[in-house]
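Two complexes, one shared chain (subunit A), two partners (subunit B, subunit C).
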Partner chain A sequence: MSLPTRKLTVTINGQRRGPIDVPEGMMMIDVLHEMLDLTGSRLGCGVGICHACVVIWDRDDQTSEEVQTCITGADFFDGKRIRTIEGIARTNDGGEITALSPVQQAFLDKFSFQCGYCTPGFVNAATVLIERLKRAPVPRAEVEATVAAALENHICRCTGYVRYYQAVRDVILTTPGLTRDGA
Partner chain B sequence: MTFRRLVQLAAVAAVLVAVALSTFIALRLLGGKTGGAVQVVNAPAELVARGKYLAEAADCAACHSAPGGAPYAGGLAMQSGFGTIYATNITPDPDNGIGRWNADDFWRALHDGIRRDGQQLYPAMPYTSYRGMTRADADAIYAYVMQLRPMKVANLRTQLDFPYDIRLGMIGWNLLFLTDSVPAASTGSSAAWQRGRYLANVLGHCGECHTPRGMLGQMELSEPLTGFALGRVAAPDITPAGLASRGWTAASLRTYFGRGIAGPASAFSDMHQVIMLSTRNLTAEDNDALVTFLLGDKLPLPAPLPPADPAVLEAAARGAGRGDYVALCAGCHGLEGGGVPNTVVALRNNSTLRLADPRNLLVAMLDGIRAENFPHRASLQAMPGFADKLSDQQAAGLANYLRVVWGGQKPDVTAAAVRALR
Partner chain C sequence: MNDVGPRSRLSRRQVLRHGLIAGIAVYVAPLGSRAYAALFDERLLTAPAWNGRTASLKYRVDATSKVTGGKVFARDIRARDMPHWPQQQAHALVLRTTLADRLYAGFDLSVLGSDLKPDRVVTAADLARAGLAFPAFYGEDMLLPPGQTAAYLGQAVAMLIFHDFARFRFAKEKLQFNDTVVRYGTVTGPLQRDPWGASRFVRVGGKTGYDEDVFSCTKQGPVSTVAYDRHEPVWPQPARDGDLGAQGMYHAQAIDEELGHPPADWLVMTRDYATQSGDTAALEPDNANGWYDSAKQEMHLVVPTQSPQEVAEGVATLIAKSRLGLKRLFLHPCFTVGYGSKDHNPMPYYGLLAALYGDGRPVRLANDRFDQFQAGLKRHQFSMRYTIGVDRRTGLLQSFQAGIVANGGGRANCSVALTMVGATSAASVYYFPKTDVAATAIASRALDCGSARGYGALETLTATELMADELAAALGLDPIEFRLRNVLKTGMKNAQGAVPDGTQRAEAVLAKARAHALWTGRAAAKQAYEAAHPGKFYGVGFGCIQRRFGDGAQASFAKVEVARDGRITLSHTGTEIGTGASSGQAVACVRWLGRPADALEMAVTEWPDLPVETSGDPHAMSQDEQDRLSLNPRWTPAFASASSASNSAYYFTHTTQAAARVVFLYGLWPAAVAIWAHGGPGVLQAAKPEAARWRDGALVVEGFEPLPLARLAQEAHARGLVVGAAVHGFNRWQWTEADFDVVGGAVRLAVDGLSLRYGDGAAAAKQALASTPNRYHVLNRRTAAFPPTRNNNAMVGYNTAVGTLAELSVDATNGKVAVLAHHTILECGNMLVPDLVSGQLQGGTATGIGLALHEELPLYEGGPGDGTWNFNRYHLPRGSDVAVWAQTAEILPPLSDSEPPKGMAEVVVIPIMAAIVNGIAHAIGHRFRTLPVTPDQILKVLG
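Moving on, here comes the complex of A and B:
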């Protein structure tokens, strides 16, 4: 038996991968897990609701957005640039992690998660948000609502969200340039 | 000057003449009431229960409640080509609602489109359909709404453009368009069909969305229930021929009215609300009657999904639409369009795909569909919108792929059609 395949070339965490033959209809999460050895993204609901599986799609216009890899076919990413949870922390040439991103560190400091299954999705969502605020800061008074809106789609079944939201809020309020009236 | 334009002008002229005439008549005859005693209605429980059933069958709450607001306290904004009309508070609050209305006042509003204060209602309030209601049923609904909790929610002011903001103009409109009975779109004579006609044409006021409207907003009664786009989502053709052409049967329609999900069809947009607030509450007999009326006493043969031309299918399988389907849709709807039971509707033979007009398919693709709960604890998750991921050309290609492969329709959607809906 042979499955029809399509060629996939995709830049992941700055590294060009492929072209590889991907069975038609294979979702990106499976390609990441099974073909590219990137197992950090989590498969949760499988129908695009829980957002544990999101990766960051870096568009050519310098904006980024989250894409659910459990419902998005690999083909969608052909020729595109994405970041997965493996690409968020700073690493040295040997691939060892030298520094967590501010979001990752804040999640640890605030005890934001328990089981951690949803955490890669939250990290990516918060990363997209903070990059967006660098381009377009919001008034300090709107930070709380902005965080809530940005993370609203992400489901966590352990901690009730509060510590995730607090961590992201604190990163935003303590990072210069993300808010408009005073740091 | 086109013929359409001429007709439009003639109609406007007719309305203006009618306004002048009727102003005189109205001032003489229609003197309304303000103030007056607060009505206390002590109706027997059975009458109130019957009124509740009828109010639900007539789907009063759909419009007379704002999103998130108290039921029947009004506030829903209805956009029309003539301006915005706000549904009013019909709880028995004496100052904001209908607490001072008696049963005669209520009847006049439903039957003649005239408020207690003598002002004309606009036909966004479907007195055009409710006119066929029996006095006994109107009285039962009155008995029900008068025992609701009075809500102190002020009415919002309806804002129409000139000259439509002159309520007296509706006297002329009523002379032209108000009829005692809305024609049937099917044929029949059985008791179920008669009851169904009353449920569909009067209480359910199906035609208010599903019947095309003319230039002055009137229902085109020569083509009842043939479908119309009053808002962004079109109300499809629900004549016997229209329903049969999309594969509907009496059994699937009964399931649809009771549950909102029937095979690959699920109610969305306004129809979802109709199911939730109205049709799911119908008794089995009334549900059956409604279906009997829609399909007619002699049931039409449901059209099976026509086999597509192999050459067209082959072209579709190699086209860009297929690629976008696999990339963006197949994750939930499945490579073969089978969906996920109780979670994601199937696309094969889906009623929306089988519509000749691609409008609703395109709107769903661009906007997505909200997550909704359905009767019997069913629910469907949200469908994301893909407006930002699909170009006009891509969306047209994807729609054409879906239409050909699973809808039995022609691949005739153009990029311009997509752009028009952005």
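Moving on, here comes the complex of A and C:
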């Protein structure tokens, strides 16, 4: 095969992966699915719209953001740290789940999803939001608008969004330090 | 993935279900099932987290795997996940025509160069050589041969297979959107074909809706076309004393004449309506992964499907008819999502092709979103002309004439059945003394259409609800008052002349809507809102519909077993398509067993423990044929239904609870009596099963020691009582009933097949009867009462009613409609899992909002058949589109503790559509009659 490749080294869910040879021009979602066996970041549209494919990029300045892996080349992630859905819950050495994250547990308790295809994207979006609020809490009166803004780009076709939004709102309102009083 | 190790106590032969279809041995191990787990050590379902105190489910049984990104979907699977498959995954793509008005003349892959050449190319010539062709349901030309004009835009012409992913990926990038690849010849114009089907439903009622009909479908059957003339249906010549078709047309003609020259008191209105072509846009695009082991002549397929039974039969039959010598098929149906688009879908068959030509490699065929728009099954576009006559003085509807045309696109799929459902649902919640509804499913070069949520009724009911508002306005009546005057009451006949089963609750829904603050306050709210928001118009609209659940030929298997330690296992033919049916069926066991099923298997297609035979078409067989066939104690009209038609809550629950009830009555209850009998003989008289209740997992009868399920199970096993039951049920708007010799006498049960498993303590004679692979005793039914075939004419047997109020504002500067709030009133019997009903309602109304305001596909050129459509052009509703924080709903209390759950997942999509369009009329004084209502259209009207 004469396709040119580039080396990719990326820390995923705390584990350093690589260097692996990735064909030039390949999107990160294909690397995750075909080379790293991480299929939880799902392909919904392939054009960066539905956000089912997002991973969390953890930057050196301690902030994080969602990145659509379907439209972002793998080489963008070289040397970076990301979290995928597979790394959100706590697992033991055997890979068994020992604890869901508060967002995941809230999605279970609130029956937030149905088919589950978009759920990894929503988990990641909510996770990024909650971590952001830890650093910069919002007034309680603005929580619903904040949730809506954070999740607006995520498409769900099954649920009509209500229970996703309610679950994230409830996590924010019941987790100390994410809101502040005031107008 | 782990190998099958010593941990797996069951051998592969025992674990996999074994059936023979068309001479091919079929093994089905659904992904994540016990059978699959024994092979591959992977479980997707957890035991139900049950709150015994509140008798409620804490979360879905499939929740943990889904929220952690587990491999739940077929799309997640690669060859490396299937332990006995070769590990190297190959990939396929399908080349498609983008033009359907000229001869297809082959393709040119030179744009790929030598680096990106496919390893295998499959064309129609290959299929012809191998004798491979679609099952009849899917029609001709699985791959279009050169020298023909495509039947529809986007028709498949070739499959390209690549042995490694990178070359596949880059080749696909080069080929996608490239107009030079597929070649064309002479312009022929599109194919002109007769419609896929047409039928006509005529009814003339008696003096009232309760009286005997003068003429109706239930008595006489729908009117069929005699021929097509220039592709238009030709109906029989009217003749009062002719055959049934002629009589029907005689009455249709009379209806037409009366509407043309109506009595002086009538208002007659004619309106044209149109709904759009759309995409269900399930987020998991169609896909398949398959491996053909040519040495062993075994085919392995991993597929998402709403209809695993159909796929198993179709794939086996396809292979059997080919020149391939295939011995065994291993099918792995997966959890999925489809809203209809994965029901009777051709993708599994293309997946089969990919595997067959994989040169021994597993091949994955997976649509991206562009492919999905180009090739996934579409929603039918409907055009309707309604003429309605109403008495001005009373406001009572008198006559309904409808001409309905559904565009079925280039393959028939379910177009005929779907159009009939649309036609027979159109009268909605209203009583009409006379109806004549003619419906045609046309063939065209539009994309292949299939089952889509709402199934034809969504389209016709929306039109009816728009017209109801317009009629009310013309009569000077409040829209809900008008509906209440005309609502179908319990005992009245529907438009086919059948009396729908049970209490009709549309009246109750209407009454609630009329009293709701959104409705009563709308005039004042409009004034206030518009004063506070200059440049915006405010409106409130309403829609109310009823829709059937089920399809008149519902069938399923259920098996319930209680182990010695009290663990409950449920197996069912139903599949999980995101609705939570797996959770609902687990919970359905609570009624008779006190607890949900601990272990659950869905999508089970092989039932060696309850052999059942089926033949004929359940929708079309004659009564004589059915009577003759039913003499065979193994025969039933249908094997197992797909997950569709909102069927799990009522139909799947019926078989689950029938099996659980048998285990209770003939296993757990006698065990309880035996334990209590130690307290003396007087005990036995006092204890009656009707008095028994489950409380905190223990069986309770007043005055006796509560007995936990585990204790009962142990006793039942030790005494050789019934510890497992497998049933088959069939419903044609009535459940089949049959007599079985269970224990000590014949009992009548609402199932047509029954087998029993006895505890180990059973006497040798009883054990000897348990001859199936899992030690079940198959009972021969003594007599069977199948629902009469004339029920097919009823078309609608069970109804769920729902109404929605929508509050909206229209922005005059840009034409955009903002849905401010909506309120839905639903009746659906007793709910299995209220959170799942609520979720369906929230998702369904969002779908309705999408269809009312946002979603649209061009039917022909410029539409998705050219492979360029994605979510940038097809707008799916977001959170901001659906009044996510403000929406509300109320579920009417069930009629009684024993009212069964009713299917509701399609019905809730519909009334909000009319509510929004009626609300726009309230806002800006203009009635739109085509969907979607777009900002451009609104600006044109306002301008």
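Just so we're on the same page, the second predicted complex is superposed on the first by the 180 of 183 C-alpha atoms of A that agree within 3 Å, B and C clash if a C-alpha of one lies under 4 Å from a C-alpha of the other, contacts with A are read in each partner's own complex, and residues count from 1 in each chain.
Just so we're on the same page, a contact is a pair of C-beta atoms (placed from the backbone, for glycine too) under 8 Å apart; a residue touches a chain by one contact, two chains touch by 3 or more.
Given the structure is predicted, the values throughout are model-derived calculations rather than measurements.
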Margin query: Quick check for you: in the superposed arrangement, does A:Ile49 touch first (subunit B), second (subunit C), both or neither?
Written below: both
Next item on the list: Could you tell me if A:Gly25 is touching subunit B, subunit C, both of them or neither one (first, second, both, neither)?
Entry: both
Check: First (subunit B), second (subunit C), both or neither: which does A:Val123 touch?
Finding: second
Notebook entry, point to check: Touch check for A:Thr159: first (subunit B), second (subunit C), both, or neither?
Noted result: second
Note to self: Looking at A:Gly73, would you say it contacts subunit B, subunit C, both, or neither? Reply first, second, both or neither.
What the structure shows: first
Note to self: Touch test for A:Lys134: subunit B only (first), subunit C only (second), both, or neither?
What the structure shows: neither
Next item on the list: Report the partner of subunit A that touches more of its residues: subunit B or subunit C.
Entry: C
Checklist line | Interface residues of subunit A shared between complexes with subunit B and subunit C | finding: 25, 47, 49
Checklist line | subunit C residues within the subunit A interface of the complex | finding: 58-60, 62-73, 75-76, 78, 80, 89, 115, 164-167, 169-170, 280-285, 335-337, 339, 368-370, 577-580, 835-836, 838-839, 842-847, 870-872, 876-880, 882, 884-885, 887
Notebook entry, point to check: Can you list the residues on subunit A that touch subunit C in the complex?
Noted result: 1-3, 23, 25-26, 30, 33-34, 37, 39-47, 49-50, 52, 84-86, 88-89, 97, 100, 104, 107-111, 113-120, 123, 144, 148, 151-153, 155-163, 165
Check: What residues of subunit B sit close enough to touch subunit A in their complex?
Finding: 323, 326-328, 330-332, 335, 340, 343-344, 381-382, 384, 389
Check: What residues of subunit A sit close enough to touch subunit B in their complex?
Finding: 6, 24-25, 27, 47-49, 70-76
